[in-house]
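Structure first, commentary second.
As written, the chain order gives the labels A, B, C and D, with residue 1 at the start of each chain.
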Amino acid sequence: MSAGPVCPILCAGADDDRALALSDYEGATARWCPGCGDHSVLTAVERLLVAEQLAPERTVFVSGIGCSSRFPHYLKTYGFHGIHGRALPVATGIKLQRPELTVFVVMGDGDCTSIGAGHWMHALRYNVKMVAMVLDNGIYGLTKNQTSPTTPQGHPSNTQPRGTYLPPLDPIELALGVTNASFVAQTAEWVPAHLFATLRAAYHHDGFAFVRVLQRCPKYTADIYQIAVQRPEVLELLVHDDGVVVPELERTYTRRLVHDPRDLARARELAMPGERIRLGVFFRDASRDRYDLIRRATPRTTTERLALLDAELDAHAV
Amino acid sequence: MSAGPVCPILCAGADDDRALALSDYEGATARWCPGCGDHSVLTAVERLLVAEQLAPERTVFVSGIGCSSRFPHYLKTYGFHGIHGRALPVATGIKLQRPELTVFVVMGDGDCTSIGAGHWMHALRYNVKMVAMVLDNGIYGLTKNQTSPTTPQGHPSNTQPRGTYLPPLDPIELALGVTNASFVAQTAEWVPAHLFATLRAAYHHDGFAFVRVLQRCPKYTADIYQIAVQRPEVLELLVHDDGVVVPELERTYTRRLVHDPRDLARARELAMPGERIRLGVFFRDASRDRYDLIRRATPRTTTERLALLDAELDAHAV
Amino acid sequence: MPTETLAYPATDPAREDRAPRAITTRREHTLEIVSDAGEGAQKCGQIFGAVCARMGNGVWTVEIIPAEIQPPPRIPDGASGYRIRFGTGPVTNWGDETQLVLAFNEQVLLARHRLGALAHDAVILLDDCWASHPDEDVQRAWRDALDELGTRDYRVILVPMDEQSRAIVDNPRKGKNMFALGVLSSVYARDLDVVREQIAQTFRTKSEQVYATNVALLELGYRWADEHLDVRIDVPATAPSGPMVVMNGNEALGLGALAAGFELCAMYPITPATSVSHFLGEAFERFGGVLHQAEDEIAAAGVAIGASYAGGAALTVTSGPGLALKTEFIGLAVMTETPLVIVDVQRGGPSTGLPTKVEQSDLLAALYGQPGDAPKVVIAPATIEDCFHVMVTARRIAETFRCVVFVLSDANLATGVQPFARPTLEERWMRSTLDLDPVPDGAKPFDWDPRTGLSRRLIPGQANGMHTLTGLEHDDRSRVAYGGGIHQHSSAMRSRKLAVLQSMLLPPPVYGDDAGDLLVVGWGSTKGAIEEAVDRLRAEGHRVSSTHLSFLSPLQPGLRAMFARYRRVCTVELNYSDEPNDPYITDESRRYGQLAWMLRAHTLVDVDCWTRVAGEPLRPGAIAAAMRLRLATLLPTGDA
Amino acid sequence: MPTETLAYPATDPAREDRAPRAITTRREHTLEIVSDAGEGAQKCGQIFGAVCARMGNGVWTVEIIPAEIQPPPRIPDGASGYRIRFGTGPVTNWGDETQLVLAFNEQVLLARHRLGALAHDAVILLDDCWASHPDEDVQRAWRDALDELGTRDYRVILVPMDEQSRAIVDNPRKGKNMFALGVLSSVYARDLDVVREQIAQTFRTKSEQVYATNVALLELGYRWADEHLDVRIDVPATAPSGPMVVMNGNEALGLGALAAGFELCAMYPITPATSVSHFLGEAFERFGGVLHQAEDEIAAAGVAIGASYAGGAALTVTSGPGLALKTEFIGLAVMTETPLVIVDVQRGGPSTGLPTKVEQSDLLAALYGQPGDAPKVVIAPATIEDCFHVMVTARRIAETFRCVVFVLSDANLATGVQPFARPTLEERWMRSTLDLDPVPDGAKPFDWDPRTGLSRRLIPGQANGMHTLTGLEHDDRSRVAYGGGIHQHSSAMRSRKLAVLQSMLLPPPVYGDDAGDLLVVGWGSTKGAIEEAVDRLRAEGHRVSSTHLSFLSPLQPGLRAMFARYRRVCTVELNYSDEPNDPYITDESRRYGQLAWMLRAHTLVDVDCWTRVAGEPLRPGAIAAAMRLRLATLLPTGDA
């Protein structure tokens, strides 16, 4: 395997003296609906890229298919806009081959929790270092308004016209149920400071960082986050030095709860459905096994490999 | 949809005065390895069929592919031995079409938690009435010894010769993380009485009953359950009137813990990895939404449908 | 001559001062309405199309869909609209260029111009509010656009849509489209009563107020056009022979599924198939069926197979990427001989490809997608009327032959709207085949008739019928078995069914003379365009005929004999093939159109092909041009 | 004449009383060893095969695999064993019937008998311990079996394997196989030193004690046979020209992958492909690569694509059902022009089918499985040696042409073992193509050469090369784009590459005269059997030749011209085709073998086919017989 200059455990900041500005990361102009929450996520991510001075050529955004998955086109990094529900295996392949690359994954809720559910679960378990975001608008946007696993019960859609039949799947609760998951967080795109802080924490996490971003879709699910947007007290911030702390939000968001992300049992309780929407790092444990580190192959020169191959042939010699 | 004579909420016992004996359920002779735990499961299931006097012609066993998935061939009921990892969608289709049929699903650990993970998660969520067992031998048996998600870390296999890399996925913990899951239990094939009692409870549950059956594979993972088999104190039985209680086991299995299956938070704690293996019903809530009941279509006669269709055409008339 | 731009008289002249409007009469005519997404050009077009149909015109309409869900205003990519081709007789396809276009702004107009959608001498009705727009950039964009348009012979007529509409609504973006409807109603002399009825029908769920406003706008536009426009086009109608219905192909597939008695549709959303399930989701609530949106396409196929195995009539609906995911389950259905109907509304590929664009390139995947030998039936509707009836055929074949039946529609049929004879429903179409009677002990689950491969399936609930279906190879008792010739025999039984079905089919009809210089062969949605092209070529004296295949597997009989009666045979398809004259392309390296490839193997005739993947339906004119070239290369000879 | 059963003399006669053993000499010979699973017939066979190879014989061995993982003892289904065909010259296939079989019990022997695996006059060496078994049922079974065998001309020789082995081991089930090895070593006059060496090599990881016991058993068996058997068969060896290696096809694929410099293999277990990954899993630990067992085949394809996109040499290994699941991702690789090598070790289908049995029926799925037009390269190794070298070719093509390359092997190659010339490794095969140099600003990710469609890919890490790959249609900058002829052009660029590759290929060589009455065309693992059949037919004076295709897409040039030089062309394939004389099967309804179908479309020659899906490799004798029938229908004529 190619040995990158940068240690995969550290984050791959630009190793040169370029001073990278926002413009160094801007791609095609975003074509989401006006007011679409994806715009806010793009802004936060661009801020992160600048803040961390990530080398555009060593950063890869991988996505599936959906409104949200258009994401990579709007950045000037490397991007892989793959197929619906399958961003995670592609991202895993990239990291196994090139540990020194910084990988972000952008998925939609249908992309990640419906068609991609199996890969999602297993990516959480592999715990390969990358930031995986699900932009959760509780609907299938690109295909125009069909129920997704996270659509609120009763919300009518084109495929469940009398209202969505089942209670919404909670991606946080599920992620917390996966053995070896190491970072599970929730944030909301309409709280930019929290979004940024969460993504930054995710980026610095040594492992697979899963971030559910609550995302408004004015087109099809304008209602679902409305109350939360209008009434800050509906949100409760989980705060902890080992999680995210955003002082500037404290005035607006008065409901705060100190939660130690190492406490899985508590995290699961906090994730249970209630009248409150909790934002923050639910769980984090940097000591969990990382498949990419375990599998890190010691690079061999061609000469070494030739020698080994000769030995193999000897073993099969007649 | 065809209206069966039996209400889908009740269980479909034979509605005639046949007295069904073991021989009425026996299919081809089982061809698992000697000492394979699958034999014990087959025995317990046959006992259940007799005990509940299930009409063989209205009972369907659906499976995927694997040693365990050979199951339906060894019974004289209807059976659908489908493709690897996809038993659950087939079973769901059967129940949506014919609610009056009794459906059992038999999967292997690879079948259910690896290639079938997405369907598994969503079947738990749909909560369509059926009994879904995963026969967990912690290995890929039929394909001869490859690591499965539940293989103990360090256990060598043909694909991970230096020992399985990651800690094993805990199917119970994961199932407990799925919103709208309604019955999650664990039992062991080498404790027949507990196995039978658990399957019986699952069968009587009004919803999707997920049962993880710890299963010995003398061929490839002889070691993994050895201690538990030899030392009963390694097992802890979760007991509760709303779960399973097996008095005759009390002498042998002295470690017992009263656990109310309605307590999800506690269930999740009990599911966390520890030195003890817990058997019993971790969670059960018969009040959860059942997709098959919500979707129960009111049957229409052909005449009614013709009339409706005429109206449709009128709406499109020029 | 350069594009002429008329300003309308600033003040209304008394009518008598004006020259009487010259009336042009046409047997068929194509117009389109384009606006930003959300300005309602589509609604306007839908109503206009319906009105034409009601007045007895043949009609074919096509949606113009923007690339994004809600693009910003005034950009070419955002062009959203409706294309209406109507005629005196039946209209079977979208035709060639547009002869008249009504545009809400010059940018969306540019999109159509640049795509070559407009005839060189097209009449353009353009909202002029942008010329005097406060924003300098907008004014500049307007001027640049008119310059660009000036390079053609268009006749641009400025229309004060925005200004006029303000008389009735505050926000013209929400009213212009009805004003436009009025303008068009005047230009094409539509019966205003019919238009009002159609508006009422369209907004039946809305308030009385909405109706009133819309009608006011309609009449305003009508009056304005009457007073200011000298364009009047007449397309005489012929009263239809019987009762007609009008809908798009996906609605027809949905209605057909109901008529065929389907009880369960399992799907996962995917363009352009999704609207079939939208229709069924709503309809099944009343008809007593289930639309199941599965977690993915794999599960959708599995649920449909499970329901069918349990005795129900089940289908799954999808498009390219979804079809790819169903590959394995389709193999299982073939192996277990479980009836399954798969509707594939084809879009551009490969991979995610061109989700909203038409293509016919899933034929080989439908036929050969499965590892191992997986014989199945493939049929393709050619018209929107076919979309309805094909579902009845599909179910009957799937159940009679215990097989997988593919229905290959495409994005052109899915969104095209056309009136057709109202189907006379038959009760037997719907009847459930569910039979729960006990069977004799030891009844075989695969009791193959050794000649035909046909067998009766046993359904859960039938006493004594117990058995286990398996995707592993099996004998007639469904016991897993490989050796001793069982695999050879079972394979033959599964394959034989296609030969039996073929023996029941008729050769496809020939359109034109049954011998000649050139036979054009097509399948699916291209029928109308191909036959129109054939008509034009024959009118020019060419000895051209065409035939259209509704069965792709098994192929209809008699093709070899039919092809032999023409000097040249060429398929016309909406899929990719190498151009004979491109670099490195030789007789040996050329990759053919998908049907052409099959027909070559099947008939051993040197079947040529002309195919395009432009992301839009084929135009009769383009087909005719391509065939002219083929004809030109033929040496003159007395007979074929 | 009836089967003759010899009891061996109860007591050892002094050697001189016995008639000297008559020695039969054969140029090639087939024997097999069968036992219950776990009794070690396979190990015995492997050692015997290796010994023959070391002694300079050509060898082809095949495993006999029981249907279950651990079947009960003494049932026909449980037959486990090894089939060895060896000869004076190279042996290219498994041959016809077995001439000598050594069986541990009469039930497993029956299995082989019933499958028709044994020659009518086969010599049978059978352990006799069952005749006198305490269990009455066993004795009865024994008698019944001998009666059943009595219906043939077999020569059954009873051997006291069990009894004799007890002299050395307490449990003969764990020793018999080495005794058997001794018996065979005597019958075929194998050099005991070589046998001992091979035993040492086989059990190198075991204790000295194990070796000693095994050798003792070997010598006991050898001595016993020397003293009691009158069967002696000699198959002279010819010293091989150069150094040789011996392995099965899956090991060869694995070694080839290492030689080709592959760094990552993503897979999901599936028979019969899994052993390739078992090999790589172990080897990569030393070679510095990664074997990734993914959660399913979809993910496996995705991981391989990700690794390749990131600049690595990646492959995925699978079989039928797994291939089906990769369908969508393969389309993405084609669309994004990401190099990807897919090894498909074919098994019987459709669906789960016949997991352990050989078949060649994934050809069309590999070619046409994807919705949309997805051109790709398909190559097939014909020998075990090919399995090694094909991996080098596959990687080079995948990277040079930025395309998907299929390697179609099958279960016959996977488990067949054969010696071949030791490959001379080349350093350049392994070199990584990873290039992280900056590219000029504005470098295009699809900078297609308009003539060839070739372009250089940009890899993450290359400064200025930033772009977003997409499975949606795109222009040369990888921007999502549909209209304006972009889809037509991009499709042409993806397709053109195949024409370019074809222009670099040579016509396949003809085996036999380059004109004649019949040309047999094959692909993949059937080569040896076909050529042996051709040899036999030519020896009979028939004007028959054969050709074998290593490229299935693009097809090698010159086929049309080649076919024209024969009066008849017929493919021989291991897949399903309708038999011409079956009910309902006509010229128009017949479904052809997969290669035949392609060749008909490609050459327009009336290519016939003879195919079988018996779940086992084709036998040269059966091929020869089928071709004789085809030749018989040809009218006699001077020349072709």
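Throughout what follows, a residue touches a chain if its C-beta (ideal position, glycine included) is under 8 Å from a C-beta of that chain, and two chains touch if they have at least 3 such contacts.
As the structure is a computational prediction, the values presented were derived from the model and not from experiment.
Annotation: A-D is the more contact-rich of the chain pairs A-D and A-C, by number of C-beta pairs in contact.
Chain centres here are means of the Cα atoms, and by that rule the chain farthest away from subunit B is C.
As a whole-number value, the distance joining the C-alpha centres of subunit B and subunit C reads 44 Å.
Centre-to-centre, using mean CA coordinates, subunit B is 39 Å away from subunit D. Residues of subunit B in contact with at least two other chains: 65, 83, 114-115, 117-119, 121-122, 149, 295. Contact of a single residue of subunit C with at least two other chains is seen at positions 67, 295-296, 321, 328, 332, 336, 351-352, 470-472, 480. The part of subunit B that touches subunit C in the complex is made up of residues 1-2, 4, 27-28, 56-58, 60-62, 65, 72-73, 75-83, 86, 88-98, 101, 118-119, 121-122, 295, 297-300, 302-306, 308-310, 312-313, 316-318.
Chain contact summary for the complex, subunit C toward subunit B: residues 50, 53-54, 240, 243-247, 251, 255, 258-259, 261, 263-264, 266, 283-284, 286-290, 292, 294-296, 298-312, 314, 328-329, 332, 336, 419, 422-423, 425, 427, 430-432, 434, 438, 460-472, 479-480.
Residue ranges on subunit A touching subunit B, taken from their complex, read 114-119, 121-122, 125-127, 149, 153, 165-170, 173-180, 264-265, 268-269, 272-273, 289, 291, 294-295. The touching residues of subunit D, counted against subunit B in their complex, run 67-72, 267-271, 274, 277-278, 281-282, 285, 291, 293, 295-297, 321, 351-352. Touching subunit C in their complex are the following residues of subunit A: 31-34, 65, 67, 83-85, 114-115, 117, 140-144, 146-147, 149, 158-162, 219.
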